[in-house]
Amino acid sequence: MNAKIKVGILGAGGFTGQELMRIFARHPNTELVYITSSEFVGQHLSQAFPALVSPSTAALKFSAHPQTVNDAGKLDAVFLATPDDVALRWAPEFARANIRVIDISGAFRLSDSAVFRDYYGLEHNQSEALSLAVYGMPEIYREKIRSAKLVANPGCYPTAALLPLYVYRELVDVTKPVIIDAKSGTSGAGGRKEKDGLGYSTVYENFRSYKTAKHQHAPEIAQELSRFTGTKALLRFTPHLLPMYRGILCSTYAFIQKGKTAADFAAVAHKTAEQEIFLRYRENVDAIELRHVQHTNFCDYAHHIDTETGVVQIVSAIDNLVKGAAGQAVQNLNIMFGFPETSGVY
Amino acid sequence: MNAKIKVGILGAGGFTGQELMRIFARHPNTELVYITSSEFVGQHLSQAFPALVSPSTAALKFSAHPQTVNDAGKLDAVFLATPDDVALRWAPEFARANIRVIDISGAFRLSDSAVFRDYYGLEHNQSEALSLAVYGMPEIYREKIRSAKLVANPGCYPTAALLPLYVYRELVDVTKPVIIDAKSGTSGAGGRKEKDGLGYSTVYENFRSYKTAKHQHAPEIAQELSRFTGTKALLRFTPHLLPMYRGILCSTYAFIQKGKTAADFAAVAHKTAEQEIFLRYRENVDAIELRHVQHTNFCDYAHHIDTETGVVQIVSAIDNLVKGAAGQAVQNLNIMFGFPETSGVY
Amino acid sequence: MNAKIKVGILGAGGFTGQELMRIFARHPNTELVYITSSEFVGQHLSQAFPALVSPSTAALKFSAHPQTVNDAGKLDAVFLATPDDVALRWAPEFARANIRVIDISGAFRLSDSAVFRDYYGLEHNQSEALSLAVYGMPEIYREKIRSAKLVANPGCYPTAALLPLYVYRELVDVTKPVIIDAKSGTSGAGGRKEKDGLGYSTVYENFRSYKTAKHQHAPEIAQELSRFTGTKALLRFTPHLLPMYRGILCSTYAFIQKGKTAADFAAVAHKTAEQEIFLRYRENVDAIELRHVQHTNFCDYAHHIDTETGVVQIVSAIDNLVKGAAGQAVQNLNIMFGFPETSGVY
Amino acid sequence: MNAKIKVGILGAGGFTGQELMRIFARHPNTELVYITSSEFVGQHLSQAFPALVSPSTAALKFSAHPQTVNDAGKLDAVFLATPDDVALRWAPEFARANIRVIDISGAFRLSDSAVFRDYYGLEHNQSEALSLAVYGMPEIYREKIRSAKLVANPGCYPTAALLPLYVYRELVDVTKPVIIDAKSGTSGAGGRKEKDGLGYSTVYENFRSYKTAKHQHAPEIAQELSRFTGTKALLRFTPHLLPMYRGILCSTYAFIQKGKTAADFAAVAHKTAEQEIFLRYRENVDAIELRHVQHTNFCDYAHHIDTETGVVQIVSAIDNLVKGAAGQAVQNLNIMFGFPETSGVY
């Protein structure tokens, strides 16, 4: 065995942190040596999360959040699974200490800090770090990720929505409205803390939209969609809360580019799936089911061409905690350190 | 007390039949005297459905389906909660016997029998009855329903989709694609029989679309939408299966008619809600939740105007078994017999 | 129509309060005129609970909790659906003002105030009112309830456990351990407030016991079981939390009295069911299902005699919000005011 | 890397078969080379079960069930995840061909073939193989398993119930009734096929017991409990169906042996947990939650001593598909082939 790199997680007690620990229990190239939490300080993993125990993680103990980068000890990489403001502070510090950072918060995803302020309610005071940050969607930015010091891991909805839009990017007309009707389990809609609107009695046997007017993932999708189509994209994004725990399904309705045919769609769909191990194409949109992607790093996608309306309906599904958060983060880590891209996540 | 009318239900053991019995347990103007089933023949209601027992229904016993209209005894009205082919046969027979019919199947909803054949796989051999049938959506056809001999009770998805589209009918441009992304609990997606795709292990913690390419409710929505807008409507309709039991939420995306404003939308939204007791307007689409309409005959609706895209997002919610089936059927009965329209359903 | 009595509810915004409002929407002998809440003050019922609106309750508006009894206006009866300490204060005040009280909290159920202090953490400073309080289980104490000024409505677990034990009281030997393994949906295990342990992610796809060592319903069951058997009963009571919303199922294991036979059990089981409209006997314990009692005021029960061990397994099921709270409370009201015992709850 | 052994699974398309494939995706000492199914013949794993695909299993294709042992090719071990009658036939054939058999059906668990006939409705015509079969509970029979040709993998309920009873075997008096009130998710109560009683609408928001009078796991528990206590045990076993998918929680109520103390219970509880990696002791029964064992091979257990009744309440939890089926089966394989007992399951 080669020497393993040492990794840490800030905010390991949240949903994404837990999923990271689940992955690191079996990742062959890493050693998880540092986990922090505000709630579980001093507890062993076996006490706090009995289902996550494994030979390589059983002895792990939660530290308090660091006071200085040195508190984290000698790390090769650190994952920030913290609130945005905490990540905004720590990402630059770790990066400056030559510890490579994968930030799973939203702090470094939006390149326009005015938009960031508008959607996150925070002042972005780290413009230097922001200019270094690479948007961590391997299927688009793999080469940049390889050498990045700071990777901004994409949001869960953006991952589900953008991956298939990237596949079909030359076939849809984003100057006409692109309508994204997204549905997520509760783990994608909020964190572990029990708060308003996520109690059992208000989620169970219920369904509704939320943040229709303004969700922080809308500008993230618009930014990337505009970038890879080279056109300012028109977007309508609405997330909904499913009465279940895990998974996001996106129904994206877009106008077909003039002259593009069913054969064109099938061609790019197949071609991408052959090139990208984590993208799986299905020939029927009804075959896209959340249970086929849960606990995996796959993004399943399909399209339905409606000739009468000239609209293509693109359906995609991911596990929001894996491909939409921890899994994609580890995929990024694998790329950054030259491990097989599938290590620990396939 | 006035004399009560006598009513019967064919196919009372299914989801809709059960809901009808629940309503008739408290309906002040009716006496439920005849219930049929292929499965529960000879059983008392208290054996077959212990939760549905009430003083007025406790003694009811399931008969087999009738051989002739006479087997049903003397009825004033009959509900057909049967498969389409059974309703296709019995609706005309009961109507000819001067028993008023509320058909909850799809047999008499589509006025074009070629379309019917295409979507239902049945030959429509009852063109005379079809020409008499009135589409039973009270908010649109109340006057015709009053004297109808045969009411075709609308489908659940059409009810959820069409009611708000009727409200906003002069403000949306249906010559451009109207996209309906609908989500239903399992009771709207299939009957009581346990069949492929509705077992616990395939519904629970799962979400998917179904019948995207061809669902029998699509032509029903298109027919009525075209009728009340006076224009051939362009429609994309996709139903999805929620991991829950009861309720339908429709997200309808439509282009705003040129020159129409937010004030126009608010005006018709408020005005309709004032006139129609079962339509309730909310000012925020995120306030439309299935739990607010479950076990009620209400249709809640709201709209979100997206000025950037020129799209209005209309969200509506109903209980598919009540306003989407049994409740609307009883509302129709109330109109047909001159009872308060709210009897038993409010 | 006769004049209706006027009723009020303190704490109408909680789960039990909501269920009371649902019942009063259809209760023929009452007018609900006063509802209080700490959270919804000033809101109309239609805003706070859109699914509960009915012609008779639509105009209701939440008041703040009263400062004096006079704030409640002229009432004939008041329901206390408040925390225990609030009920402890208000029950005696309303009773003194000649407003008949049905207290749904635990404040007046335990006759021994030392036990009350031990289990509720409150000093019982209302011994006079306590001595007047009647335990509101109609099947046992119907006559006393008729004239009671203050009815202590039973807890949900005690209702589910005690009703069948009362049926079989002469056949089981309570001097040997009576083991009650009870399972409840979340609405029976906690209130509407989202709190620790009742968030979606900790209830969903989970199951566990709680308060095994000390639950406040244990002494309530022991008190009544000892009272109606005339013997100090030995009890082991453990509640569990089901990943669902509504219903309690109790499995009670007790030793059969020497010499008692299967015929004896069948005889009392049938006889009681004939006399008590809300008790329904099933011949097979596996036929006791929560779905058969949900949204009803029934208690279904059955027994299984295990001759090898000499143990009888008694299974019972109720809707904790109806027979276990609001429904039984209204049944008590009906008895107190001479209405049909089934008014509004059957 | 050493050479890996070759394994096959008969009946790989069922719940247990799927779980085995999930485990073999990561098992370092095995190569899964043969999977059969009656339903998925000719399909690749990636088509039939998209969530189970991994680098080592992606190319697997379902064969039909074998006609002769030779059809299975050269195997070192075979898992039978088939119905009982299929296993009854194939287990001896594979064993005779020197392929070691782990039978996950119930065909070889009961040593008394009259009891087998009574509970399984099958004639046990394989007495020679039955006499060779070892009951595959490693914590009890580890040494025998090591050299076994045919391992009868325990049932899910017996695993959950027996493991803690084995821990406390010298402290409970099994000549007095041992009451096991067990609760299981749907995957423990029936297979993948959608059948009566496991449809979404009858499981969801419901709870009930089943097979109270006669469940085939009762004699299995009684046989082993009697064996390791050396006493004919008195048993009352009742399984229940939880509205969830995965996990079994057992509440076992037993009388404490005369003279045994709380200290005695704590001592054996701690001691066993130190020796057995998959048994985890908790000091509080309420800390036993299904979510802590789901997707793991652990059995968590705790006890509550009730001094008033002299009853000890033992609570245990497992994942029925892992420790209760596939995980325990692989643990047995590991023992049989000298791999680390935790390979692939920790």
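First chain written, first letter: the chains are A, B, C and D, and each begins at residue 1.
By definition in this document, a residue touches a chain if its C-beta (ideal position, glycine included) is under 8 Å from a C-beta of that chain, and two chains touch if they have at least 3 such contacts.
If you're wondering where the values come from, they're calculated on a predicted model, not measured in any experiment.
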>> Relative to chain C, which chain's C-alpha centre is the most remote?
In response: A
> Given the two chain pairs C-D and A-D, which is bridged by the higher number of C-beta pairs in contact?
Replying inline: C-D
> Rounded to the nearest whole Å, what is the centre-to-centre distance of chain C and chain D, using the mean of the C-alpha atoms as each centre?
Replying inline: 40
>> Taking the mean of the C-alpha atoms as each chain's centre, how many Å separate chain A from chain D?
In response: 37
>> Residues touching two or more other chains, restricted to chain B: which are they?
In response: 202, 204-205, 244-245, 291, 294
> So what shape is it, when you link every pair of chains that touch: line, ring, star, complete or other?
Replying inline: complete
>> For the complex, give me every residue of chain C touching chain D.
In response: 177, 179, 181, 183, 185, 202, 204-213, 234-236, 238, 240, 242-247, 249, 251, 253, 284-286, 288-291, 294, 304, 306, 308-311, 313, 315
> Can you list the residues on chain B that touch chain C in the complex?
Replying inline: 26, 50-51, 53-55, 205, 280, 291-296, 298, 300, 342, 346
> Which residues, counting only chain C, touch chain A once they are in their complex?
Replying inline: 15, 186-187, 192-196, 198-205, 244-245
